[in-house]
Amino acid sequence: MLEPILIDVASLNLPALLPMAILVVGALAVICADLAVKGLNRSFLTMITVLFIILDFGAVIGYTGPARGFFDVLLVDGIAIIAQVIILVASALFLPLSLSHRHFREFRMAEFYALFMFMIVGFQCMVVSDNLILIFIGLETSSLALYTLIALHNRAKAFEAAIKYFTMGALAAGFYGMSALIFYALTGSVEIYQIEKVLMARHFEPLIGVLAATVFMLGALGFKLSLVPSHTWTPDVYEGSSAPLAGYMSVVPKIAGFVVAMRLFEMLVSSGVVWVEHILYAAVVLTMTLANLTALVQEDVKRMLAFSSISHAGFMMAAILIGTTQANTALFLYWTLFMFTNLGAFTMLWIVRHRKNLWDERYQHPYTKFSGLVKIMPTTATIMGIFMFALAGMPPFSVFWGKLYLISAAINSEFIFLAVIIALNSAIAVYYYMKLVIYMFLKEPVTADAKLYATNASTPLKVIVGVAVIFTIFAIVFVEPLLTVITKYVIASGF
Amino acid sequence: MEHILSLLVFFPAMAGLLGFLVAKESIRAYGISVSAIEFFLSIILWIGYDSTNAGYQFVEYYPFISSYGMSYYLGVDGISLFLVILSTFITMIALIALSIEKEIKNLIISVLFLEMTMVGVFVILDVIWFYAFWELSLVPMLYIIGAWGSVNRMYAAIKFFLYTFAGSVLMLVGILYMGFLYHEATGIWSFALPDWYLLQVPFETQLWLFGAFFLAFAIKVPMFPFHTWLPYAHGQAPTIGSIILAAVLLKMGSYGFVRFSLPLFPDASVYFLIPVAVICIIMVIYAAMIAYAQKDMKQVIAYSSISHMGIVVLGTFAMNAEGITGSIFLMLSHGIVSGALFMLVGVIYDRRHTKLMSDFGGLASVMPNFATIYGIMLMASVGLPLSIGFVGEFLSLVGFYRISWVMTLLAGTGIILGAVYMLVLYKKSFFGEVVHAENKTLKDLNAKELTALIPLVALVAILGIYPKPVLSVIDMSVQKMLVLMDQKAVLQETKELLFKANTIGGTN
Amino acid sequence: MENYLYTALFAPLASSLFVALFAARPKMLFTGIVASLLIAISMIASFVLLIDVNTYGPLHVSMMDWISAGNLEIPFGFVVDEVSVIMMVTVTLVSTIVHIYSIGYMDHDKSFNRFFSYLSAFVFSMMILVMSDNFVGLFIGWEGVGLCSWLLIGFWYHKHSASWAANEAFIMNRIADLGMLMGLFLIYWSVGSFQYDEFFASLKTMDSTLLATIGLFLFIGAMGKSAQFPLHTWLADAMEGPTPVSALIHAATMVTAGVYLVIRCGELYTLIPDVGFAIASLGAFVALFAASMALVNNDLKRIIAYSTLSQLGYMFVAAGLGAYWIALFHLMTHAFFKSLLFLGAGNVMHAMHDELNIKKMGGLYGSMKATAILMSVASVALAGIYPFAGFFSKDKILEVAFNEGAYFLWFALFIGAGLTAFYSFRLVMLVFFGEKEYEKYGIHPHEAQPFVIYALLPLGLLAIVSGFLEHTFEGFVTRLLAQYEIHIEHGTEALLIAATLGIALSGIAFAVYMYRRGGFPKSWEERFCYKLLSNQYYIPKLYELYIMRPFSALANFAWQKIDTKVVDLTVDLIAKMVYSTGEKSRKMQSGNLSDMLRWMVVGMIGLLILAFVYRPMV
Amino acid sequence: MITLTHYFILTGILFSIGLVGVMRRTNLLMLFFSTEILLNAINVGFVAVSKYYNDLSGQLFAFFIIAVAASEVAVGLGLLILWYKRNGSVDLNSLQMMKG
């Protein structure tokens, strides 16, 4: 004879669940609409999705309730909110890239948009929770959706990319589970804050257990954040998937991963377990440097950008390693600025995308494709150049300010060596960004036919590029307000 | 008038943007007029400059990332005033002499952007912004060298860009660390140079920071052994590129020494005085010898500017008003003279499409005016009294004599070796019989070239005979800076050396 | 009076600038005339100033500030005192004559105008040199005359040898100038000013080593300009320039600037007799050394150049031993007869169609008497025969040497006097008397235009009479310069004079005797010492071999080996290294899924192992 | 008597088997099986631990893992079939278009 369980609805704090709920509803709605009405135009679907994202955005912004909710598995703190904002903005900006001039099969299917929304839900779950289970679910939801989205691109390379990504993802999931298991076994809880409490009380004994758990977690997150040596999927997947998706992947999943990493590693780094710090240090340096070095020798711009995004992720891990408020602020600032720049860069690639690989039998965007572009399409070349300079951290463009703030964070907490390494890396990095600029501005064009470069251009794309350019050039203007907001939230959530 | 500095910095950029709308036929006229306006603005700046006040003038201050102490902070003092004027002047002259037809529009627009960065570097007082302009100045130069250069231009452009960029990233770290120190000391963030001037840095830290800044400046100057990008850059760059590079961009480095290294890290500067001086002497002699060995006229001048910059830096590290004032004046004179020399090489290159001295000979009889102006510039470059070249060189050497007479003697050999390679160059290409038939029909300077060159010649004479108005302005600010150094020095030895360096008499 | 000063100073500049306007044009006679007139005006002004100084004493004006930085203040200041006014008069006088002479001499030259522009510019620099009241001002003139001599030696720039000689002159002077600059710096840092008066005023307070250093540095500068050993080779080569230039610059004025400097700093050198003695010894050595080279040379102008060199040696002996006024006196008289000699040589050259080898002349007396007489007069003066100018000045120098007890120097000078007499008359004999060799070469010599000869007359006159001004001169200049008494009892003095005259006369006699009967036998030319002398002691060769060649070799090495092979290559290597590591790390990206998975797992296991083995202290 | 340790050992063994399989297998299908083994190994561990603590969240986790595993299989097989249709093999050495 069971007692009826009484749960006060207020204590569930459902509004905390609202953002995810909205998108789930949206996803279902899109599918149903597709069932009801045949042949919905992609523009309709895109815009509906964007609208739902905006609703979600509103819910995220609007929510300022008590931190925990829904059986206390949700933790809506400052970084969660910032992260969600970044995720949603990025999604809202990347999705309209579907409205390109040429038609692609996936964008005509309602499932694409449904999956897209589910993926966002997954990311949100990752960031708004400190419950390992929910994080796991979020991780898997988003990943599975993402695999499918990639595969939807329906090119041989896309399948290969999807399979590689999927398989490694499965392995990563295994690692995650293992790490969660060990933590659970050590502490009897799957709530990060509980785990932290217990471990603190026990001074992280048995240390080996903790370390093992950390190692597995590093493996799992390292895959998401593409840290060396789990980064190998990144270039292939980027190359295989369509430019918009690649750009999206370079920004959103990572930010979600960073939030999780923050929640987990902050505790370990601050715990004073030097081992973790050293390992992280090594991982950071390796990731930055190796990715940069490999990027030097790429022939394809998309692959180059993939490697560059790996090294950028390395910078971000540095922020987590440093772990001060300023560092975490720097992380979000950097990522916001990076998002806009990368958005621009990948959109440009999307615009110059041509049906056939005219320039190289394998690559879509080999450097040679861009040679002498300034003589064919000056504006395009200039814009692309600006994005490249921005990514290279050339002042006063966007990413420079993030890098500045990050290095300063490193210095202010006496990580001088790290700061120097970051600086040197950006010196190396400048070469491969310059390479594109040099091809565009200094080489002679291979073809005079401007049309080849504009086959996929359309008004929405141009608008998005415009937005990206404005943000990239006038980043200075946004840095100050961004800093204030981010700092406020980061401090609020005690990082 | 109070916003004239902002105007000076951003007017060329604005003009550059609008330049996209100007038709290709008239873009050259557009560029010249813009640079002329800019030049007159800078002259107005000089007129408005209060020469009795050693501090910063026309200051503009707007905080823009106040939470992190960044601000938009402009100001000009005796040290930077004339470098600003030099930049605008040289840009104007270079544009007047411009003889390129290919894609001239992009060229002129990038030159205008370059002008913005140059002026910006010299008038900006917020260090982050300084870094920004410093780095930005590379981009247009990269384009100019890479797009309008000769055969091997890609390599030269990339080398120039990467080398200088790599050099300056460490400076960024240094800057941020400096900001951190300031925050530690005062509890507030600031990247304003005048604020930093008030900060006393512990000795060991100074050494590290000096190093971080030194690399950037040394590569820009360029100091031995970081100089190898320069010959390539000059060898490949178009005339206008070489002119601006030699006349202004190199000065950014030496300006950095005066503006940052000395006042921010007085003890470190004194500590590293001798090593730096040794490098300078190597530059002077070594570069002069290499210049002698060259077969290409332009390379001779390229290496000669390394040699001269050696004296500039030497004068800067003389730690006394004579030397530093002299080195700043030498920056100006070298800017004018080397600019003119590169322009002259360009003139002959346009006619013969070769720069090898062996292809010339006897030019003096074919192109007398050309030969005359070349000779004047040559004499200015070897530092003949009453020419602009003498004043700076003399003062720099006088200044450094106080530090070490042996080193001054060694550096002084520069005036001998300078005469050697320059006179040999002149003899090879201007004297003797006209051996090559195609040289017999060469045209002498045309009106355009004369309009570009005459002002330079006039300056060489005027500033050589009456440099006082310039010197006194520089001198005042320099003395102020020396006082500052003395106050900031943490070591007794530093104070003693500064005292010794600035007083007459006593043992030597 | 200032107006006269400025006139004297700026008339030559005006002339130079005015003529420069026509530099590129073909010959215009008026340029020469205008130039000569302006120089003449300058000369008149100088004479006025001479009288003025004589009556009212020195004149000191400060025109404007030039350089000022830190404690340093350099004005354009000019002083006309007993020494500088003498120099001014000498310089302008000779210059005027040379200008007028040049109108004739450069008659057929297409760069007539350019020549006068340069010549006047030289006069201007020389005036700055002698008139300025501070060391840097002197240095301006110093470099200015250097520049002009470069321009004028290389005047016929199409001749390789000319431009080469010009560069050599300029560079050698630069070497010396560096020494001088060092001296100036030292002066500045010990006195705080470059003004003569302030420097001399504070001499007392400085210790002798400091003074000695200053003195040496300044003298190094003087060595360059006055072509003292070992920086002497440029002077002989400088004869590539037009003859009037040799007369004005490389005989009368510029080369004496070094002597002028030493005289000017007399107060300094009196305090450091050792340095003075060193200078004197070097002077004596050069006097002999140069004279010996003149003995065998066959080049008309080079012979005279060497004699100039040896006379400069005489002057340095006097100056070094503290007899400044005597040095100045010899400087003046020498200017007169030496320029006369050169100008005469110029006439001969014209007559011989620029043939310089005296072996190919001879018997020119018939066709050009005036020149022959003038040159003979000059030679006699040079040889120092009573009552010609040379006698008074040169004998004094010997007496000084004797008086100082420097018998060795005296002996050197004594021999020198003999040699001087010999080579001067060897020249006269070979050129004007004996066989008419030139007929073999089908040359028909002719006397120069009359006005040229008339222009030379004043010099001839001075060469004869100026000696008698000795006492007035002494009285005048010793107001400023140190007094110098010779206290040798009359007997010895008379003996000395007699001896000097004797050796000079015998030198002349020997020359006349030998060259009346066809000179020395050919066999002599095979002798070692003859070769040694005719090759100038092989010194130019040594410089060529051990300085110039190694320098250019080293330069090439520095460029091709060090700069490109070491420095630059290192830079590129670093870049290449980074790039190649990129290539290597690329292998990691095999694209094979199993490899990717292995990387992950291996990384994981590696970390686990690390967790076991590596435990840094917490 | 079976203690928690035994369960851990079992987990460890299964996990290692999974890892080895992941590394060794070149057949995609087998590869997916190995990943399943990994996950199931973890399940075992979770259930055991949750029993040990008398805490349900472990089993909760296990259930979610099962669910996730199922959906993974769905997606994975989908991809596999796509790939097979395209170039009739499930050997993962066949997907090497992209490298470098």
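Order of writing sets the chain letters: A, B, C and D. Residues in each chain are counted from 1.
In this section, a residue touches a chain if its C-beta (ideal position, glycine included) is under 8 Å from a C-beta of that chain, and two chains touch if they have at least 3 such contacts.
What you see is a predicted model, and the numbers here were worked out from it, not measured in a lab.
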**OP:** Decide which interface, A-C or C-D, involves more C-beta pairs in contact, and give its chain pair.
**Re:** A-C
**OP:** Taking CA centroids for every chain, report which one is farthest away from chain D.
**Re:** C
Original post:
How many angstrom lie between the CA centroids of chain C and chain D, rounded to a whole number?
Top reply: 97
Original post:
Where the CA atoms of chain A average out and where those of chain C average out, how many Å apart are those spots?
Top reply: 79
**OP:** Just give me the whole-number Å value for how far the CA centre of chain B lies from that of chain C.
**Re:** 36
**OP:** Would you mind pulling out the distance in Å between where the CA atoms of chain A average out and where those of chain D do?
**Re:** 26
Subject >> chain B: positions in contact with at least two other chains >> reply: 162
Subject >> In chain A, residues with contacts to at least two other chains >> reply: 163-164, 167, 171, 235-236
Original post:
Which parts of chain D, given as residue numbers and ranges, touch two or more other chains?
Top reply: 22, 31, 92, 95, 97-100
**OP:** Check the chains against each other and report every pair that touches.
**Re:** A-B, A-C, A-D, B-C, C-D
Subject >> In the complex with chain C, residue positions of chain A that touch it >> reply: 163-164, 167-168, 171-172, 175, 207-208, 211-212, 215-216, 218-219, 222-223, 228-230, 232-233, 235-236, 272-275, 278-279, 290, 293-297, 428
Original post:
Of all residues in chain B, which touch chain C in the complex?
Top reply: 159, 162-163, 224-225, 227-229, 286, 289-290, 292-294, 320-322, 325-326, 362, 364-365, 368-369, 372, 379, 382, 384-386, 390-391, 394-395, 397-399, 401-402, 405, 408-409, 412-413, 415-416, 419-420, 423-424, 427, 430-433, 465-468, 471-472, 474-475, 478-479, 502, 504-505, 508
Original post:
For chain A, which residues count as touching chain B in their complex?
Top reply: 374-375, 378, 389, 394-396, 400, 404-405, 407-408, 411-412, 416, 419-420, 423-424, 426-427, 430-431, 434, 437-438, 441-443, 476, 479-480, 483-484, 487
**OP:** Write out the stretch or stretches of chain D touching chain C in their complex.
**Re:** 19, 22-26, 31, 92-93, 95-100
Original post:
Which of the residues in chain C come into contact with chain D in the complex?
Top reply: 586, 589-594, 597-598, 601
